[in-house]
Each structure stands twice: as C-alpha cells, then as structure tokens.
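Look at the two complexes coming up: chain A is in both, with chain B in one and chain C in the other.
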Partner chain A sequence: MIAFILRRLLQSIAVLLAVGVVAFSLFRYVGDPINAMVGQDTTMEERAELRSKLGLNDPAPIQFLNFIGNAMQGKFGLSYRTSEPVGRLILERVPATLELSLCAAVFALFVGVPMGVYTGLYPKHWSSRLFQAVSLIGISLPTFLIGILLILVFAVWLRLLPSFGRGETVQIGWWTTNFLTWSGLKALILPSITLGLFQLTLLMRLVRSEMLEVMRADYIKFARARGLTNRAINFGHALKNTLVPVITVTGLQLGALIAFAIVTETVFAWPGVGQLFIQSVQFSDIPVMAAYLLLIGLLFVLINLTVDLLYFVVDPRLRSQGGAARVAGH
Partner chain B sequence: MAARSALSGWLHRAADSDVWWSFKSSPMTVAAAVATFLIVAVAFLSPVLAPHTPFDPATLSLTDGLKPPAMLSADGDWAFPLGTDDQGRDILSSIMYGTRLSLVVGLASVVVAMTLGITLGLLSGYLGGAVDALIMRVADVQLTFPAILVALLIDGIVRGIISVKRHDEIAIYVIVGAIGLSFWVQYARTVRGSVMVEKNKEYVQAARVIGLSPLLIMVRHVLPNVTGPVLVIATINLGLAIITEATLSFLGVGLPSTEPSLGTLIRLGNEVLQSGDWWITVFPGVTLAALVLAVNLLGDWLRDALNPKLR
Partner chain C sequence: MATPPNNPPLLEVKNLRVEFPTRRGTLLAVDDVSFDIAPGEVLGVVGESGAGKSLTGNAIIGLLEPPGRIAGGEIRLEGRRIDNLPYEEMRKVRGARIGAIFQDPLTSLNPLYSVGHQLVETIQTHLPLSAAEARTRALDLLKEVGIPGAETRIDHYPHQFSGGMRQRVVIALALCAGPRLIVADEPTTALDVSIQAQIIALLKRLCREHGTAVMLVTHDMGVIAETADRVAVMYAGRIAEIGPVRDVVKHAKHPYTKGLMGSIPSLGVRTERLTQIDGAMPRLTEIPQGCAFNPRCTARGSRCLVERPDLMAAGTTRAACWLHDRGGIGAPVVKETADA
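Presenting the complex of A and B:
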C-alpha cells in the first residue's frame, strides 16, 4: 500500500512538472513579455537591458526554475489586458467559482444518487422510465443550451430569478460569499442547476446500473433470507457496494465541473475564474492562461490523488496485499 | 454482371447479419437513423433547399428584422417560417447552413482525432519500449484535463501566435485541429491495447519471418484487425465533437459570426434573448439537441450491437 501511494505521488509530481513545462513555454515563447511591458518608443538598447535584468537571457532550465519558484509564491506576472498582477486577478475570482461548483456538486449528489437508487430498485416503474428518458436528454443537451433555456423560462418569461451576475455578496476577509444574502442565494440557483445537471444525469445512470448489478448478487439474497428489512438491504448492503465507482466518478467529475464552469460562467456573466480564462483566450492574454493552466493542473492532480487514496477507505479488499495493483489497473 | 451479383450477395449477407437484426428490432434506433439521415441530407442540400441566402448581405433587408415565426404568430411572414433575426436573416436558412458547418467541423475533427490516435496507438503498441512510454505519458497528462479545456488552450495559443484578422480566415481549421488534438487519447489507448494482443499472433510472426518491414506489417496486417472498436468510439465521439464545436463557438472562440455554425447562431441569439425574441436562439438550439441526440442513440446502439458480451 505504501509503495502504491509513493508511486502515485511520483506520478502526480511528474504530471505537475509536465504542466509546468507547458505553462512555462506558453509564458516564455508564445507571448513576448518585453513587448507587453514597454511602449512603442522604447529603444532596442533599453529592451535588451530589460531583457537581461528580467533574466530572459539565462539558460532555459534556469528560467524554468525561476518561473516555478515565482509561481509557488503566487507571482505570475502582469496581465497583458488589464496590467494588473495575475495572482491578484485570479484570487479575486476564486470564491465565485468555488461557491458555484460546490452548489452544483451538492445538487448533483443529493438529487442524482437518490434518483439512481430509486430507478435501480424499481426499474420497471413508469417514473423510472421517465427519469431514464429525461437523463438521456440531459446528456445530449450541451451545458450552455440548458443555461439559455433556464434563463428564457425563469428570468425572461416568469421573471422569478436573476439571469446574470452574483447579486449582492458579503465580504469575509478576502473571500466574497453569496451564501449570506437573499439576492446572492437567488443568483446561485440557475447557474448551479445548469452546471450540475450533466453530473446529475451521469451519477443517476451510474448508480442505477450499479444497483441493478448489486441487487442480483448472492449476498443480497442471503440478506433477504436472514430476514433483514428492505431498508437495511437497500442502503446498508446494496448502496454501500455501489460507492466505489460513485466516488471515482464524483471525484473525476469535480474536475469537469470546474472546466465546465467556464461555460456556465459565460452564460450567466458570473464573475469567476472561468470567465477570466475565456477573456484571456479571446485576447491571448498569455500570463493569465499560463497561471490558470498551472492552478487547474494542481487542482486536478490533487483531486485524482485524493480519489485514489479514498479507495482504500471505502473498499477494505484493497487494503490487503496486491490490492494496489488492481486499483492501478482500473 | 459479376459486380452486381457480388453486391446482391453482400446485401443478402448484410440482411442476414445479427447487426441488421438488432437494428431492425429497436424502433428507437431506426427513428434515430431516420432523423440523422434527414438532418444530414437537408444540411448538405442547403444551397438548393434553403429559401434564402442568409449570409449574402445583398439579399438582406433590415425591414424584415425580428419577425416572429410565421407558424406561431399572426405578425409573422410566411417567407420566413421560423422568423428572422435582428439583421433580417431567415432563421430557417441560417439553421440549414449552420447545421452543415457543424456537421463538417464535427466529422473533420473526428477524422483528425482518429488518424492521430490510430497512428500513435499503432506505433505505441507495436514498437513498445521508449516510444510507448513517451506516448502513453503524454496521453496520461492530457487525460488529466477535460477535452474542452485542451481545445480552448490550443485555440488560445494559436491566437497568440497569429494576428486576429488572419485568425478569422483560418478559424475553421484551427477549431478542427483543436478538437481533433483534444480527443485522440481514447483512440490511441484502444488501438494500443488491441495491437499488443494482435502482435503476438501467428500471422504477424509469419509476416515478420518473410521479412516484411514493420511499417507494412502495422498498416496492412495489424491495422485492419483493430478497427472495429475504433469505429464505435468514432460514432460516439461525433456527438461529443459537435457539442464541443458548438460550445467553443458559443464562447466566442470558435467560428466567426460571418460564417456561423449552430453554436455561433445560438450565441448571436443569446445576445438579444433578454428582449424576449426567443426564436433566434431556441430553433438552432433544438436543432443542435436533436442532431446530437440522434447521433448519440446511433452510437449507443452500435456499441451494444458490436459487443459480443451483450448478446
């Protein structure tokens, strides 16, 4: 088990290094940092001097180490578009994205898993068939279309909910939160549903197929023979055994959630990191793109690592010898 | 004569096969196939069928602007059955041309992803060693990120390298490349797995013994035996590629508004959505959803029909 964890850690560091190299090459070779900093009338001599002062004439490996060192201290240079420090620009927008992703994940988990359990236990019931059909449509509709349709119905026609922005927020330290005002909470509803719907249908279909499989297993028959209540069988025995794939998918989908927050934030003009990223792609604002790439890379690697380690907590079979190889083979 | 009997023989065999049987016995799949065929046919015949040429400025008139759909509203004009946008462009014709573009980009990017994935997968599986390790590590790193993010990043890098004006002209190639590059991993992994099984079989050893070059063995002997699963992935990925293109165009980093795909049309409509002119967005949206749903149903069916475990 320790060997497995060590190997996963090494792999994670390798992935992070690769992401770092991509971000560094972007920063160093695609955009010209000097052009972005000086005006039209700067002479070639001044440019050359600035170049050597910033260490741009150093060998590439040294520059790379400097880049990573600065990134660890949150220094990503200045945005080409707004000339603000990239670190601060991103930090200001992190709370908006995290609160949105959290709400979407909670919505997907607490609606998707029960729906999956229900359709798995009663696959022939008409409401299960209805859920199935709806989930197929949910998987085929692109995120942005769901957002637009929700805006059309609830904001334009019914005028019940706001269609853009965060509403009023409360500042706690550097963190701004939506959870403490009424208008902030109302502003969260439509974006969270939009962002969480795909994850919801995915979880529902996954839990359903796992439940169908588990309910045929021998230990369920024996549990029935022992006279356990339906409730104990359904939740104590069946649901618990569907949890391993659910954890994997939830974990991996957390990453997808943050990636698709880009789309949701654009539809709802939500002032988060994703919107910042889209603006930086449109203006080819390289420092912001490089910083976003590094942050997302770090986040994804941490998520994947946590998911792998969680297996050991959930599935006791893996804690024995040789279990590690099975997980790695998944 | 010989060709004709060969064709009819092939048709007889096809009609007897269990793939055809599983197609016939699933009404949902037949419906999806009919819908896909109709959408594709109408889209590719749009220069003939479309009532207007919406992206020729000479034929537009601003007095036709923002007409509601004729079939739902008395204010509409039957020359524009699904209404017009704020520039007076016919929505129906825009959708027909837009669907064609979405399909072309989707198909082309699947072909790019498939070619790249098959090539790298063949090399990786057949050669093994350092080549295999390198390709698979790159695949691992890329798989850490969702495809849409990779495509966005590639698009952003290209924008950083070339000027904006030039970018609009080559936008379609950039987007095909970006989507293709972000979807190759799945093909490469599948092909690599099958190649590693195939390369130890007798026919490959025999080919090696008679002295054929590795390239010839890979392309002529191994490749035909690993294409089955690749086709299934390609069908399933087509829907995903169409959605990705629509999403990129919606975000404003895909196709320009002078040459709109379904995603671009939805973005343009979204800008005027607040004023209640819903038809500009909703009709392209419904077309996109129907197209993707039909393609996905076909892909699911193909996957199940070709999977011997499910028979």
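Presenting the complex of A and C:
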C-alpha cells in the first residue's frame, strides 16, 4: 500500500510538471507580455530593461525552472492587468469558488445518490420513471440555460433569491465565507443548483445502473436467503458495492465542478477564480491564466489521490493485493 | 413413507405449482409437485437442467425471481403455512428456520465485508445476542465447519479464502440461527471434485449433529446416493419418482429413472456401453400431451400419449408411470428411432 501511494505521488508530480509546461508555454506563445504591460510611448531601452528585469532574455529551460521554482513558493508574478501579485489575487477568489463547488457537490451527492438508489430499487415505479425523465432534461440542458431559467423564476418572478453576487460575506483570516450570513446562504442557492444539477443527474443515473446490476448479484440473493432486513440489504450490501464507481465519478466531477464553475460564475456574476480567469483571458493576463491552470491541475491531482485512497477504504480486495488495477475489472 | 402421526413432517409441499407469465402465455415450470421432508432427513432432488428442481427450492425459501410466482398448492413448515406469508414474515423465517446454500460460493459472499461481519450480521438479525456473544457464536460456527485458524480467519475477507473454504463459510452462514431445514441448491457443482466430497461429508455430519433436515438439489446422482435418505427425481416440472435412495438407485420403477441410473458410469462393473436416454427433456412450451416423458420412453403405451400419470405406489417407491397402474399402459406404442 505504501508503494502504491508513493507510485501515485510520483505520477501526480509528473502530471503537475506537464501542466506546468503548458502553463509556462503560455508566456512564450501568447503574444509579447511586454507589449501588454507598457504604454505606447515607452522607449525601446525601457522595454529592453523591463525584459531583462523580468528574466525574459534567459534561455527557455532556465525560465521554466525559475517559473516552477517560483510557483512552488506560491510566487506567480504580477498580474499584467492589475499589477497585483497573482498569488494574492487568486487566493482572494478561491474561497468563493470552493464554497460554491462544495455546495454544488453536496447538493448533487445528497440528492443524486438517494434518487439513484430509489430508482434502482424500484425501477418500474411511476416516480422512478419520472425521475428518469427529469434527469434526462438535467443532463441535456446546458448549464447557462439552467442558470438563466432559475434566475428568471426565482429572482425575477418570485423575487425570493438574489440573481447575482455572493451577498454578505464574513472574513475569517484570509478566507471569506458565505456560510455565516443569511444573505450569503441565500446567494449560494441558485448558483449551487445550477452548477450541481448536471452532476446530480449523472450520479443518479450512475447509482441507478449500478444498483440494478448489484441487486442481481448472487450475494444479494444469498443475503435475502439469510433473512437480512431490506434496509441491511439495500444500504449495507447493495449500496456499498456501488460505491467504487460512484467515488470515482464523484471525484472526477468534483474537479470538474471547480474547473467548470467558470460558466456558472459568469452567469451569476460570482466573484470566484473562474470569473477571474475569464477576465484574464480577455486581457491576455498570462500570469493569472498560468497560475489558474496550475491551481486546477493541483486540485485535480489532489482529488484523484484522495479517490485512490478511498478505494482502499471501501474495497478490501485492493488492500491485500496492492494496486488499483483490479478496480477496473470490478 | 407415511410419516407416523406422532412424528409430523418438518416440511410439507402439496400440489405446488410455479408459473412464469410470458408474452406468449403462462409457462408452468413446476407442475403439481408434492413431497414431505421429515425432521433430520436428507431429501435429494435430482433432474436435468430445467426440470424445476431449483425453482422448487426457491419457492420453499420464498425467493422466486419475478416474474415467477407460486400459482397453486401450499408449503408448510412445522405445520405453519409459509407460501403465502407477507415478505417481512417470510424474511424472519428465512435464515432462522430455513437456511439456504447456493451453487457458487465465490459469488455468494459479499466481497466488501469480512466473513465475521457477515456471520455476526446474520446471527444478530435472528437471535437476541450482543455483538460479543454473536462473535463468539460466529467463531464456534467457523470452527465447526472446519476453517483452520478460525480466530484469525474470522476477520478475513471472502477473497482470501479458497472455493472450498468459502463454501464452508456459506454453510456456517446457513447454520447461523440453527435452522430446522437447509435448502442446498447445487452446493458442490462449482467446486473441484476432491473438495466436493469434503463439503458433502461436512454438510451431512453437521446436519446429523444439529438434527437439521436438508433438501439437496443437484444433478449429481453420485452425491445423492452418498448423502440422501430419500430421493425425488424430477422431470419437466413434475416428480417422476420418489422413494428411499437405495431403492430408487437399485430398483428404479420409472423408465426415466432407470435411464438416468443406467447412464451413470460405475467403476467396478465393466459394461460395453452406458445406456443413454435418447432425445432431450421437452421445453416448457412443448410439453407433450399425456406423460411428459412419452416421446423418449422405451416402454410407452397408448395410454401414455393421452393421460398424464400421477405418483402411484410402485414397490418400495412411488412413480408417475402407468406401468404401475392396474389399468396398465394400453397398447404398446413403438418409439420412433429418429426422435422428433
């Protein structure tokens, strides 16, 4: 198991380095940053001075090593747009995105999994068929449309919930949170539903098909023959056996939630990193884009690492045989 | 055969019918099956695939897979009718009064829980024991079914056991709450031949010690001959012959049973050729009129083509064959050599 974790850690580092190359190549290939930073009337000497000051004259590998070295210390340089340190810029925005993604994930998990279990246990019941039909809508409607529809209904017509922004937030250290004020909580509802709906339907359909499959397994029939209660069979035996694929997908989707919060953040004017990224793209603010890429890469890697470790918790077959290869054949 | 009045049968199955509604009409998979099992008795049920033997077993434990359903007859356990119990009532019977063992020990155990967990869970479902007491009982059961090093093995997971060891665990699970009857559906089919004998010996010993009756469903006549007190031979959803195992093996009265016994190779006797029964068991949709076996029967008469025989006394066994009726089989009808 230790060997497995070490192997995964090495792989994670390799992945992050690859992301680093992509992020770094942004600097080299997306226009000349000097042009973006200086005014029209800057002299050539001043430009050259700035260029050497920023280390842009060094050979590419040296620049890359500098870039990685700085990134590991959390130094991503100055934003071309606001001239603030990129690290601070992103750190200010991270809580908004993480809280939004967390709420969306919780919503998707706590609604999607029970719905999946229910539709898996009673596939022929009319309510299961209804869930199935509704989930088809959820899976096929684009996120921005759902967001706009929700705004129309709950913000414009019913005037129950705010249509944009985070509402009031409370500062705890460098972290700003929505969870401690009433308006902050209300502001979370619509964006979370918008962001989580797709994941919810995906999870529901996944859990449903896994449940249908597991309920046919011999060990479920044997559990019935042992006279176990339905609750023990459905939740203790059946649901647990659906968990490995559910954990995999939830993990991947959690990463996706954070990364693709961009659309939702744009629709709801949510001050998160996604919105920051969009603004940076418009301004060719490369340091911010590069840092964003690295941050998302890091989050994906961390989540996948956690998922791999969770497999061991759930499936004893992996613990003794070492290696996650068997998960694929599960 | 007739159980004395002071010793009522443990299990009574009367005129059991199991049917499957399909788009093309209802299939009768078990047709008018009746038998008893006495306390502590081992009843073997043999037959080809599709003869209805497993369905009969599943009907008794109340786990027919939909759309299969009991269409008629009744099942009584210790005098109490169990075929029409509500699900929750029947759940309390399963595991507690009737244990079950299935064919494949590799897939019968949940891979995500230790065997100890699964034993304790079953014990606590049926018996009012604390977790510690249940674990002690689980440990005793594992020792009883011959798991070496049970103290450490109890916390192991199913994948850490071999096939034979897993079937021992399955037997322990079936015995958890001290059932009066065990329905064992092909308990050795998935195992190596060398392991089969061990498992059968174990099952036989445990049931004798616990006074547990067994309904042993298998297609292996050898297993039946070794284990069972009585045997029921099933053919196309009906019992063709039922009687003490020695009599059925040595002096079969039904032509199908005779053919079945003739097709078992025996080591001691050198024969030119094993007898075989021509043709195959009819599908449920194509069961012929009269006796279901008549197209393959070498001794059939005109009566067999039109009238279906019920079980009737035939020497020491009971057979569903007109040969043993006073009315006889009617005019002999020669079997076509090339079977339809």
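Remarks
Basically, the second predicted complex is superposed on the first by the 300 of 330 C-alpha atoms of A that agree within 3 Å, B and C clash if a C-alpha of one lies under 4 Å from a C-alpha of the other, contacts with A are read in each partner's own complex, and residues count from 1 in each chain.
Everything that follows uses one rule, which is that a contact is a pair of C-beta atoms (placed from the backbone, for glycine too) under 8 Å apart; a residue touches a chain by one contact, two chains touch by 3 or more.
The shown structure was predicted, so the numbers you read here are calculated from the model rather than taken from an experiment.
Steric overlap between chain B and chain C is absent once the structures are superposed on chain A; the two fit side by side. Contacts of A:122 after superposition: neither chain B nor chain C is touched. Of the two partner chains, chain B is the only one touched by A:151; chain C is not. In the superposed model, B is the one of chain B and chain C that contacts more residues of chain A. Shared-chain residue A:228: touches chain C; no touch with chain B. Applying the stated contact rule after C-alpha superposition, one finds that A:217 touches chain C and leaves chain B untouched.
In the superposition on chain A, A:240 contacts chain C only, with no contact to chain B. For the pair chain B and chain C, the minimum alpha-carbon spacing after aligning on chain A is 16 Å.
Those residues of chain B whose C-beta lies close enough to touch chain A in the complex are 137, 140-141, 144-146, 148-149, 152-153, 155-157, 159-161, 239, 243, 246-247, 250-253, 266, 270, 273-274, 276, 278, 281-282, 285, 288-289, 292-293, 296. Chain A contributes residues 11, 14-15, 18-19, 26, 30-31, 136-137, 139-145, 148-149, 151-152, 156-157, 163, 255-256, 259-260, 262-263, 266-267, 277-278, 280-282, 284, 286, 289, 293, 296-297, 300-301, 304 to its touches with chain B in the complex. Residues of chain C that touch chain A in their complex: 61, 63, 91-96, 99-100, 102, 104, 107-114, 121-122, 125-126, 157, 159-160, 170, 173-174, 176-177. Listing the residues of chain A that touch chain C in their complex gives 217-219, 221-230, 232, 236-237, 240-241, 314-317, 320.
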